[in-house]
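In what comes next, chain A is part of two complexes: it sits with chain B in the first one and with chain C in the second one.
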Partner chain A sequence: MEEFTWVQIAAMSSAGISIGFGAIGAAIGEGYTAGLANEAISYRPQEAKDIFKNALIGQAMAETAGIFALVVAMLLLFVNFDRGSVLTAPALLGAGLCMGFGALGSGVGSGYPAAATCMGIARQPRLSSRLTTSMLVGSAVCQTPSIFSMVVAFILLFFNVTGHPFSPYWAAYIGAGLSTGLAAIGSGYGGGLAAGAACEGIARQPENAGPTTVSMLLGQAVAQTPAIFGLLVSFILLFKGYPEAKTLSESIALLSAGLCMGFGGIGPGIGNGFTAKDAIAWVARNSENAGVISRTMLVGMAVAQSTAIYAMVVSLVLIFVI
Partner chain B sequence: MVEGADLVRAAALLGAGIAMGLGAIGPGVGEGFAAGKACEAIGRNAREAGLLTRTMLVGQAVSESTGIYSLVVALLLIFVV
Partner chain C sequence: MEDMTQIWQWGFQVGDYTFTFNIETLIMTWIVMAALILFSIVATRKISVLPHGYQSLAELIVDGFDNLVKDALEIPNYRKYFPMICAMMMFLLLCNWIGVIPYLSEPTKDLNTPLALGLLGFVIAHYSGIKAKGIKEYIKGYCDPIIFFAPLNIIGELAKVVSISFRLFGNIMGGSIIVLVVSHLLYNLVLPPFLNFFFGIFVGTIQAFVFTMLTLVYISVQIK
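Presenting the complex of A and B:
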């Protein structure tokens, strides 16, 4: 088959993968928000308009991850990617995998702050604007992994792949997509858990809004680190020069590096989210002890991060030593 | 044409990545959950912070064990097999 046909096959399947996986996350997050919004309205029907407004804003935040996936899918369908190299095909496939998986975690995660804000307004209607602000900040940080994925997807779509030998570059491009895309799942979900706990904490104890917001930002920042490791490995895979591979194993090593860091970021991202969620909830209740709770949160998150570090080490060994 | 030995090596490297990648998921989730509950416990009872932190670390170390097994298998697949 001629090379342009491979590129088209890759573009079509990649578009499907991108929007297919990307749609899952946003839908789940928005559905969760809608469910809890209804519960909140059942507790306090007089606030129905305000709760509904906040639910829609929160759902719009969750939707952004799905929109990124749609943009990548549309580009894959309609842009002519004929660049004279069959390497374009794995690059396009990597882009779709990256954006599809990357949108998954952030979409689901953004459901949590929106849901917590709706419930919070039912509890404390007068705090509505404070809670909306908190929801917007938390959701925005929660979207950062899907933004990392979109950056890597755009690099894979548009940068110059001509002049490189097919092996091992095909594996480097698919691996780069998997590394950021999969790792973003955990960080997106974890960041969302943290933001949800912050919104709920502020609703329950508005006088502690300051320390709660600080620990939300701290917890979310650490929860993003697996996605950053994934991004780092992706950039190394994308931009490192490789001699032409003589054996299949040299190519598979690069693909495996991407899978390793990608999967390896999922668990620690989710785990860091659990840690941040409980820590933030208790900083809200008990802000005199915010210091010791935050320190314990950081220590606990560092330990939970350890397997992501092992995964990064194994990835780097696979890239540089093989 | 892909030779037999090359295919085996390729499979070993793929296995290494999958082993460490998937193996990192469980300890990450479990240790994170443990750390969260430790923060909650300290929130309820800050005077016991030392005891609670130590218990958290011991529990996390046990959870880490399967992650270490995955790391060992991955390194064996890369360097020894």
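Presenting the complex of A and C:
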């Protein structure tokens, strides 16, 4: 088959993967938000208009990840990627995989702050604007892993990938997409849990809004570390130069490096989210001890990230040593 | 779009090794430094008990960070670390914001800047830890809970530097890539100003704050 057919095959399948997986997360998050919004309205019917408005804003924030996936899918369908090299095909496939999986976690995660804000407005109607601000900040930081995925997807789509031998670069591009895409699932979900706990904490104890917001930003930032490791491995896979591979094993090593870091980042992201959720909830209740609680949270998260570090070490060994 | 991977560099040879400087990053960093120094000079020119103008802004900043450092460190001589934390935060904030101005770009877009600041925080944290705890207890800390965990703990400490630097680098560089690609696709219509606001100012503020707070917390963990 001629080269351009391969590129078209890759573009079509990649567009499907991108929006297919990307739609999962945003829908789950928005559904969760709407469900708890109903509970909040039944708890305090006088605030129904305000709660409904915040539910819609929260759902729009959760939608952002799905929109990123849709943008990448549209680009794959309608932009002519004919650059005269078959290497464009694995690059397009990597881009779709990356954005599709990356939008999953952040979509589900962004449902938690929106739902907690709706319940919080039912608890404390006067705090509505403060809670909305908190929800927007938390959701925006929670979207960061899907932004990392979009960055890698754009690099794979638009940067000049031609002029290299086909093997092992095909594995490097697909591996780069998988590494960030999969690792972003756990971090997006974990960041969302943390943001939800912060919104609920501020609703329960408005005087402790300051320490709670600081803990939320810290907890979300550290929960995103597995996605950052995935981004690091992706950048190394994308921008390192490789000699032409003689056998299939060198290509498989690079692909395996991407898979390794990708899957290795899912668990620590979710685990860190649990740590952050409970730590932030108790900082809101007990802000005199915010210092020791934050420190314990960070040390606990650092230990929980050990498996992500092992995965990153194995990935780096696969790239540089094998 | 290919010109984004071009880096304006200048190098000189010392023996076998070439020292390269990224000119654009250096110039932008000098601009940020000049702006901060100018602000400090203007704010402290005629110090009075009743502050006016720039002096009140400077007092707000100093007071805010004093409380932040005092709460995080919980030791009597926290004032030792306060100037570095305040300077780091102001530097990072202005670095991330300066990309919004046309023809200027963020120094933190280049990996060298966040990595250098991350290593700075790492060295300060561990030096303070050794000074506060003594070298024996510092080394014993790596053997928790069993001595076999020592290499894993060491890798964990290095991973902290990697994560803190790459978080800042990834967010800022990623934001600039996204703004560039979207502006190229939309022929610079409608969307780019909002994206610039979100990625430059909002994300820049949060990431600068998170970097500073994490450095502060790493220092406080080491000296406990």
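Methods note: the second predicted complex is superposed on the first by the 322 of 322 C-alpha atoms of A that agree within 3 Å, B and C clash if a C-alpha of one lies under 4 Å from a C-alpha of the other, contacts with A are read in each partner's own complex, and residues count from 1 in each chain.
What we mean here is this: contacts are C-beta pairs under 8 Å (C-beta built on N, C-alpha and C of every residue); 3 or more make two chains touch, one makes a residue touch a chain.
Here the structure is a predicted model, which means the values were calculated and not measured.
Novice: Judging by the criteria at the top, classify the pair chain B and chain C on chain A as clash or fit.
Specialist: fit
Novice: Applying the document's definition of touch, where does A:Ser14 land relative to chain B and chain C: first, second, both, or neither?
Specialist: Touch partners of A:Ser14: none, neither chain B nor chain C.
Novice: Is A:Gly186 touching anything from chain B or chain C once the two structures are fitted on A? First, second, both or neither.
Specialist: Only chain B is touched by A:Gly186; chain C is not.
Novice: Where does A:Thr88 make contact in the superposed view: on chain B (first), on chain C (second), on both, or on neither?
Specialist: neither
Novice: With chain A at the apex, figure out the C-alpha centre angle toward chain B and chain C and round it to a multiple of 10 degrees.
Specialist: So the C-alpha centres give an angle of 90 degrees.
Novice: So in the superposed three-chain picture, is A:Asn208 touching just chain B, just chain C, both, or none of them (first/second/both/neither)?
Specialist: A:Asn208 contacts neither chain B nor chain C.
Novice: Does the superposition put A:Phe158 against chain B (first), chain C (second), both, or neither?
Specialist: Only chain C is touched by A:Phe158; chain B is not.
Novice: Which partner, once the models are overlaid, touches more of chain A's residues, chain C or chain B?
Specialist: B
Novice: One more residue to check, A:Ser106. First (chain B), second (chain C), both or neither?
Specialist: A:Ser106: touches no partner chain.
Novice: Looking at the overlay, what does A:Val299 touch: chain B (first), chain C (second), both, or neither?
Specialist: Both partners.
Novice: I want to verify one number: the closest Cα approach of chain B to chain C after the superposition, in Å.
Specialist: 8
Novice: Under the contact definition given at the top, report the residues of chain A touching chain B in one complex and chain C in the other.
Specialist: On chain A, the overlap between the chain B and chain C contacts is residues 299, 303, 305-306.
Novice: Which residues of chain A touch chain B once you look at their complex with the stated criterion?
Specialist: 182, 186, 190, 226, 247-249, 251-253, 255-279, 281-283, 285-286, 288-289, 292-293, 296-297, 299-301, 303-308, 310-311, 314-315, 317-318, 321-322
Novice: For the complex, which residues does chain C have touching chain A?
Specialist: 1-2, 5, 71-72, 74, 152, 155-156, 159-160, 162-163, 166-167, 170-171, 173-175, 177-178, 181, 185, 198, 202-203, 206, 209-210, 213-214, 217, 220-221, 224
Novice: List the residues on chain A that touch chain C in their complex, please.
Specialist: 75, 137, 140-141, 144, 147-148, 150-151, 154-155, 158-160, 214, 217-218, 221-222, 224-225, 228-229, 231-232, 290-291, 294-295, 298-299, 302-303, 305-306, 309, 312-313
Novice: Inside the complex, what are the residues of chain B that reach chain A?
Specialist: Residues 2-3, 6-7, 9-18, 20-40, 42-44, 46, 49, 52-53, 56-57, 60, 64, 67, 70-71, 74-75, 78 of chain B touch chain A in their complex.
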